[in-house]
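In what comes next, chain A is part of two complexes: it sits with chain B in the first one and with chain C in the second one.
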Partner chain A sequence: MKIVAITACAGGIAHTYMAAEAVKKAARLAGDEIKIEIQGAMGVENQLSQNDIEEAELIIFAVNIGVRDLDRFESKNPIVIDPGEFVGNAQKALEKAKKLAASQK
Partner chain B sequence: MQNNYLKISEVIEPATVALTMDGIRKKEEAIDFLADLLDKAGHLSNKAEYIQSVYEREKLGPTYMGNFIAIPHGKSDAVIEAGVAFGRSPQGFQYETDLGGGEVKLVFLLAIPNRMSADAYMAVLARLARLLVHSEFCDDLYAAKGYQDIYNAILNGEKHLEDLAQSKS
Partner chain C sequence: MKGRDLQRHLLTGVSYFIPFVVAGGILIALGFLFGGIYVFNDSNLAAQIFWIGKDAFGVMVGVLSAYIAFSIADRPAIAVGFIGGMVANRIGAGFIGGLLSGFLAGYVVLYLKKINLPAAIRSLMPVLFIPVIGTLIVGLATFYLIGPPATWLNTTFANMLNNMSVSGTVIISLILGAMMAFDMGGPVNKAAYAFALAASQNNNWVPMAAVMVGGMVPPLAIAFAMLAAKNKFTEDEQGGLTGCFIGAACFITEFAIPYAAADPLRVIPSIMVGSAVGALVSYMAGVSLMAPHGGLFIFALANKPLMWIVSIIIGAIAGAVMLLVLKPVLKADQQKKKSESKVGLDL
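Up next is the complex of A and B:
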């Protein structure tokens, strides 16, 4: 499955990166293809292209604060999950995101 | 992405690694203990001033990361050269912050000189945070019997960190 994710966290820089790493790891274990945009204290890293967003089968916002440039996702249906859930149990959080996405279709 | 920046494996050293922090019962004691290691290894010009920068940082957001891990850090003029101290507490201790806390067994204390750019500073923290997500890395830290094992774990972990942007199965 093609997945794109954004991580951003009110709790500090380090948590944002931990969440990104956790999402990546879970996606890899599940055999998914993933691109992650990090919205941290250093600004935006690895910005997703519009093409990445259009092609994605699943969009995850692992955030507990607002997402920057939200208008890029206008026609999409992002699944919002607390970044802490990914850090705590990434595989479970990814499954939850997939289930939520499926139930919204 | 962050390859130009400081690596943990480049700054960790035997003098700043403590595999058994015996008698440490709370956060303040752990920070003092690890700052002392950094001080004795020549990283600090003024330990008290450095510790103050750590507590100022503590006020901004939690450095307790969950999973028995904490990464307190401070950027200060009192830091001569960047350093990382690592402490392991087999029995664990309480690590409380204004924004929540918990039991901690692994602590990395970062000392960053004021002259280091904000980006480079964040990149070091980010690298460490990413390493700590991997349970294999933490397992290695728990299992380490000496400094060399800690060093190898960090070196290995950093080798496996790659660009987050793209990862195919």
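Up next is the complex of A and C:
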């Protein structure tokens, strides 16, 4: 499955990066293709292209703050999950995101 | 409007607000450090540093308000929220006033955005109507409606903290410390931090010293426990030893998360006790710290630097001892086991 994710947290220095690492690992374990944009205290890193977003089958916002440039996702249905859930148990959180996405279709 | 959304807007505001508090707090403290306690009467370099810090503090309530509003209604809400926050600041409604003006500005602008104007004048919405009408509504409401109760809350809160009995002080410091450790950088931790920030708005920096101790203790307690008994941690966990020391020194409580995730029922109570003890020692010793972030690197800005470090170490020892008592010795094969939750510790 093609997945794109955005991670962000209030401090922008710890959870943001730990969640990104966790999402990446969980997606690889599940055999998914993953691209992650990090919106941390240093600004946006590894920005997703509009193409990445259009092609994605699943969009995950691992955030507990607002996402920057939200208008890129207008036609999409992102799944919002607290970054803490990914840091705690990334595989479980990824499963949850997939289930939520399936139930919305 | 769900509670979760409100929390997200608040945290967005806080995330933009923190650098202002850090810059302001540390520059003011440096001004005092170099220029003495009457630095504001001078016009030397130390005084300039002090006043730059003061300028940062002057806009920070505005910034908090602006970015709460931004999180709710995007770009057009920034100006309205910012000005509302500056009104709150001017009338002494402080942090609480700015928080409320930010939410108000966000929802007012969100509502204004929905009004359908004729196509000919639609472009006037973001450049004229929202800034003028939005600011007028939010400014007046902040002055007349939000201001009085928020100012009252602010002064009551300050008086309560300044005139607290010994038992009250013990309870508040224990709670603040335990909250800092409870979710290691999550909303409960941020709530305790916000409490200390609110107190600092009234020039009381004792809670700030205590919460920073509370935030630094968890990774340090785990590091101490690992040094004392390697056989109670997996090899993966031991690999994070340096990370724990760095996390503690930088006031990044999150470094404790992988350990807590792997063994929550033993780790979380232990670090909560450690942080509570550390915060208590700092609070009772009357340590005040005029810097809202920075960890070990800003120890010289505390009024009692040595006592502050001692309270961190006492807290960490308390947490480590409890953790060692609770944690069983691992068998050789258990120690090799990869913990699934290990993330982000590769430095």
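Just so it is clear, the second predicted complex is superposed on the first by the 103 of 105 C-alpha atoms of A that agree within 3 Å, B and C clash if a C-alpha of one lies under 4 Å from a C-alpha of the other, contacts with A are read in each partner's own complex, and residues count from 1 in each chain.
As a working rule, contacts are C-beta pairs under 8 Å (C-beta built on N, C-alpha and C of every residue); 3 or more make two chains touch, one makes a residue touch a chain.
Worth saying up front: this structure is predicted, and the values here are computed from it rather than measured.
K.L.:
One more residue to check, A:65. First (chain B), second (chain C), both or neither?
P.N.:
In the superposition, A:65 touches chain C alone.
K.L.:
What is the contact status of A:89 with respect to chain B (first) and chain C (second): first, second, both, or neither?
P.N.:
second
K.L.:
Which holds for A:45: it touches chain B only (first), chain C only (second), both, or neither?
P.N.:
first
K.L.:
With the two complexes superposed on chain A, say which partner A:14 touches: chain B (first), chain C (second), both, or neither.
P.N.:
Both partners.
K.L.:
Considering only touches as defined above, state whether A:25 meets chain B (first), chain C (second), both or neither.
P.N.:
both
K.L.:
Can A:34 be said to touch chain B (first), chain C (second), both, or neither?
P.N.:
A:34 contacts chain B only, not chain C.
K.L.:
Please tell me which partner, chain B or chain C, touches more residues of chain A.
P.N.:
When the residues of chain A touched by each partner are counted, B comes out ahead.
K.L.:
With the touch criterion stated at the top, can you tell me which chain A residues are shared between the chain B interface and the chain C interface?
P.N.:
On chain A, the overlap between the chain B and chain C contacts is residues 10-15, 17-18, 21-22, 25, 41, 84, 87-88, 90.
K.L.:
Any idea which chain A residues touch chain B in the complex?
P.N.:
So the residues of chain A touching chain B come out as 10-18, 20-22, 24-25, 27-28, 31-36, 38, 40-42, 45-46, 84, 87-88, 90.
K.L.:
Give every residue of chain A touching chain C within the complex, in rising order.
P.N.:
Of all residues in chain A, those touching chain C are 9-15, 17-18, 21-22, 25, 41, 63-66, 70, 84, 87-91.
K.L.:
Mind listing the chain C positions that touch chain A in their complex?
P.N.:
Its residues touching chain A are 7-9, 11-12, 14-15, 18-19, 70-71, 74, 183, 185-187, 190, 252-255, 257-258, 261, 340-341, 343-344.
K.L.:
What part of chain B is in contact with chain A in the complex they form?
P.N.:
For chain B paired with chain A, touching residues are 1, 60-63, 65-67, 71, 99, 118-119, 122-123, 125-130, 132-134, 161, 163-169.
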